[in-house]
C-alpha cells in the first residue's frame, strides 16, 4: 500500500527532517509512527499527502509513484486518503455538519448519500448534537473529533492520523481508538502518529519509531517504548 | 458536473457573501465607487465630444459671387460646388440678405449702414458646409477656381485651430477614459485580491482535503460575479440619477448651454456597468484565487 | 513611552510592510491610483476655472460718446466712470480707432468701408471692464446717465449667460472635487480595512497576551502613514509629469488654447498628495483596527 | 489567589457550559483541572483571562473582582497571568524568538533584560536552536513549547495552562511538567488543564474534576481518576 524508498527531506532552512527513510506498509495494516517531538513524523505524513515534496527518494502509494503525479491528478489522489491533521484544519466558516459534508461534496456524492452518511459519522465521534456549531464554538477535543469524522466519512482506503487523540481525555481517546480499529478491520490501512503510550502499548500493533529523521525501530506487535 | 454540484456552487457563493459581510461590502462599494467615477468621466467625455462636434459644425466656407452672375449661372455654380468631395451643404445668400446680415452684425450701430441701401456694395454668396475641418483645405481652392466666384473666405487659421483643438479634446478624453477604465479594473481587482487573500487558509485546506481547482474556484467566481453585478448596477443607478438631475438643473438655469440629454448619454449605463462589474468581479476572482490553488 | 518601545514600533511597522508585501502593495497602489484620479480631476478643474475666469475677463461695457464731447469733457467723463463701484478699467477709443476696428471686422470685405473715411460716422467710445459679470447690471445704467454719453452697449443677455455658465462650471467642478475626494478616501480606507481584517487573528492574539490598544495600534498606524505617504507621492509624481507632458504637447500643437502652466497648476501636488495620503493612511489604519481591539 | 463564586456560563447558542461552579485556589498552589472532552475546562480558563464573560457569578483573582475590570485595566490584568492556550495562538509573522520577545516588549522590558531572558527560556523548553523558525516551520510539539516559553517568560504570578502537553511525547511532556513544577515551587500559582493521566497520577497534586459543567470532585493529592 505504502512504500518509502530512501526518502530524505531537507527544509529550506537546511534543517534535515528526514534522512534515508525506508519502510513498507501492507494493505490493511495498522501502523503506529512514534518518536519524540520534532522527530519528523508529521513530515512523513505531509510527504504522503503531497503537502510537501521529498528532497530525494521515491514514495509509492497504491502502486503509484506519487512523486510523479501530475498537478491535475493530485486532488483525486488526496481523496483516496483520509487525513486527520495535527492542527485539525477545519473550515472556519462552515459548521460541524458542513465541514464533514464538504468532504463528500468534493467527491460529488449524491444528496441522499450525504444526508445519510454525515449524521452517522458525527454520531460515531459523539458530535451529533454539535452539528450546528462552528469550529470556534467547539472545545479542543470536539474540533479534533470533527477532523476525525471528516477523514473517515468517505471510507478511504488509507487513513492517516496525526496525533488524533492529543486533545482528548483517555476515555474518549480510547473510544476513538476502537473506532479507528474497527475501520482498520473493515480493510482500511491505518498509519497513525501518536504520543499516547498507553494506547500503543495496549493495542499491540506494528510500531515504527523515528528519531531525528532516522528510523530506529520497526516492530510487529510493538510497544511505545520510550520514557524511563 | 452534477446538478447537485451546481446547486452547491450557488448556495456556497451566496452563503459566502453573507458570512464575509465586511469583505462583500468592501467589494461592492469599491466596484460601485470606481465605476461611479468612470461613469462621471464618461458623461463628461460624451458632452465634451458633443460640444466639439457642434463647434465643427460651425465651420463654413463663404464664396462671394461676382455681381454679374445670373440666376442660371448661379444654379450651375451651386451644382458644381455640391459635386466637390467633402461638401455637405450649400446655401445661397442674396445681396439683400447680405446687407441685412451686415446690419444685424452692426447691432445697435446699424444706422451706419443707412447710406449703403441705395447702391448695395455687398456681394451675394454661397455658404458651404463641409464634412470635417480637414476638408476645408481641399474644398476651398476648388471653389475659388470656378467662374463667377469673386473670392473665397474660409478662415483657414481658425479652422485649423478648431480642428486641432477638437482632435486634442477627443484624443485626450479617449486616453483619459482608457486610463480610468484600467485604474477601475485595477482597483476592483486589488480589493478582490485582498478578500481572497484573507481566505487563503480556507482555500489551502480545501485543496488538502482533495478538492479540485474548479470546485474551489466556482463559488469564488460566482461570488465575484454577483458582487460585481451589484456594485456596477449601483454605480449606474447613481450616475444616471445624478446626470438627469444635473441636466435638468442646467436646462432651467441657462438656455444656451445644455447637457446631452440623459436618454442619449447615460441610459445605457445600467446594463453596460452591470456587465462590466460582473466581468471584472468574476475575472478578478479567477485571477486572484490562482496563486493560492498551487498547494 | 520608552525609547525602546518607540524603536519597536518603527521596526515593527517596517517589518510588517515587508512581511505583508501583497497587502502593502495593494494599499500603496490603491492610494496612488485613487489620488491619481483625484489629481487628474483637480488639474482639469484648475484649467476649467482658469478658462472661466478668462471668459469673464472678456466681458466689457462700451459707452459711445456724442460727437461734441471735447477732450476736457472726455477726461472728466473717464474720471466719473472710474469712480463707479465695480469698474476695473476704462479705455478710450477715438473715432479714427473705431473706424479702423470696423474695417478689421469686415476683414476681407474692408473695401466696403471706403466711402466712410471722409465723413466718419462711427462714434468715439469708452471700453469699460468690470470686476464680475454681476456688476454689469449696476454699472451700465450709471454710465448711461452721464452727460456726453450717447449710448451704452453691454450685451446684457450674453453677460448673464456667461455669468451663469461660469457659476455652474465652478460650482459643479467644486462638487465633483468633493465627491471625488470623498470617494478616494473611502476607497483607500476600504483597502486598509481589508488588510487589517486579514490580520484580525494576529491582533486578537496580541490582546490576549496583554498588549494595550495603543501598543498594537502604533505599528499599524505608522504602517498606514508610510504606505499612504508612498502612494500619495507616487500619484503626485505621475500627475505632475503627465500634466507637464500634456501642457507642452498642447503648447506646440495649438497656439490659441494652452493649459495653465505646470508651475501654477500641479507644482504643489507632491506635498499636498503626500500629506493627504499620509493622513488617510494613518487615520484609516486607526479606524480600521478599532473594531478588532475589543477582545 | 483565584476564587470562582457561583459561576455559570451559557453560550449564545444556549449551550450551558458551566453551571454554578465554585472553587478557590490558594497562592502557590498547583491545581489540575480534569474532565472529559467538552466538560467546560477551557471555558473556565477563558473566563479567568477575560476572553469571555460569565453569564452569572463572580470571579476574583488576586483580590480583584475581575468581572468589574475597566476596559483599560484588562491588558495589565492579563499581563499578570501567563497562559498556554490550547490552540497555541502564536503570532504567525514572528519567529520563535520574536514571539517570546513580544510578551516582554508589551510590558516594556528593557532591551538588556529581553536579550538575557528570551534565550534562557527558549533553552528551558529545548528550542534554542529553533529560534529563527516561524511557527509554520515548527512541529506541533515545538509550537506548543513556544507557547509555554511565552507564558513563563515574564515570571507571572499565575500560570494557566490548557493542555500543555497534548502534542508532546511522554519524555518531553515529563520534562515540561518538571519545568512547570519548578516554576510552581518558586511561588507561581499553577492551574493546569490536562488529559495526561500518567502525569497527574504521578505528581500527586490537587485535582479538580469537572463534568458537563459541574464540579464533581476536588481532591488534594489526587489522581486523574477516569478510565476503566
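Each chain gets a letter, A, B, C and D, in the order it is written, and its residues are counted from 1.
Just so it is clear, a residue touches a chain if its C-beta (ideal position, glycine included) is under 8 Å from a C-beta of that chain, and two chains touch if they have at least 3 such contacts.
Keep in mind the model is a prediction, meaning the values are calculated, not measured.
Engineer: Quickly list, by label, the chains bordering both chain C and chain D.
Structural biologist: Chains in contact with chain C as well as chain D: not a single one.
Engineer: Hop across touching chains from chain B and tell me the fewest hops that reach chain D.
Structural biologist: Graph distance in the chain contact network comes out at 2.
Engineer: Relative to chain A, which chain has the most distant C-alpha mean position?
Structural biologist: C
Engineer: So, what's the distance in Å between the C-alpha centres of chain B and chain A?
Structural biologist: Computed from C-alpha means, the inter-chain centre distance equals 62 Å.
Engineer: Chain A to chain C: how many Å between their CA centres?
Structural biologist: Centre-to-centre distance between chain A and chain C: 67 Å.
Engineer: List the centre-to-centre spacing of chain A and chain D in whole Å, with centres computed as mean CA coordinates.
Structural biologist: 28
Engineer: If you average the Cα atoms of chain B and of chain C to get two centres, how far apart are those centres in Å?
Structural biologist: The answer is 24 Å.
Engineer: Residues of chain C that touch two or more other chains: which are they?
Structural biologist: Nothing qualifies.
Engineer: Touching two or more other chains, which residues of chain A qualify?
Structural biologist: Nothing qualifies.
Engineer: How would one label the connectivity among the chains shown: line, ring, star, complete, or other?
Structural biologist: ring
Engineer: Pairs of chains that touch, anyone?
Structural biologist: All chain pairs meeting the touch criterion are A-B, A-D, B-C, C-D.
Engineer: For the complex, give me every residue of chain C touching chain B.
Structural biologist: Those residues of chain C that touch chain B are 22-23, 26, 29-30, 33-34, 36-37, 40, 105, 107-109, 111-112, 115-116, 121-122, 151, 153, 161, 164-165, 168, 172, 176, 179-180, 183, 186-187, 190-191, 193-195, 197-198, 246, 250, 253-257.
Engineer: Could you pull out which chain C residues touch chain D in their complex?
Structural biologist: Answer in residue numbers: 2, 4-5, 8, 16, 19-20, 202, 205-213, 215, 295.
Engineer: Over in the complex, which chain D residues touch chain A? Could you list them?
Structural biologist: Residues 11, 13, 34-38, 41-42, 86-87, 132-133, 137-142, 145, 162-163, 166-174, 195, 197-198, 224, 226-227 of chain D touch chain A in their complex.
Engineer: Write out the stretch or stretches of chain D touching chain C in their complex.
Structural biologist: The contact residues of chain D facing chain C are 49, 51, 75-79, 81, 83, 85, 89-93, 102-103, 105-108, 110-111, 150.
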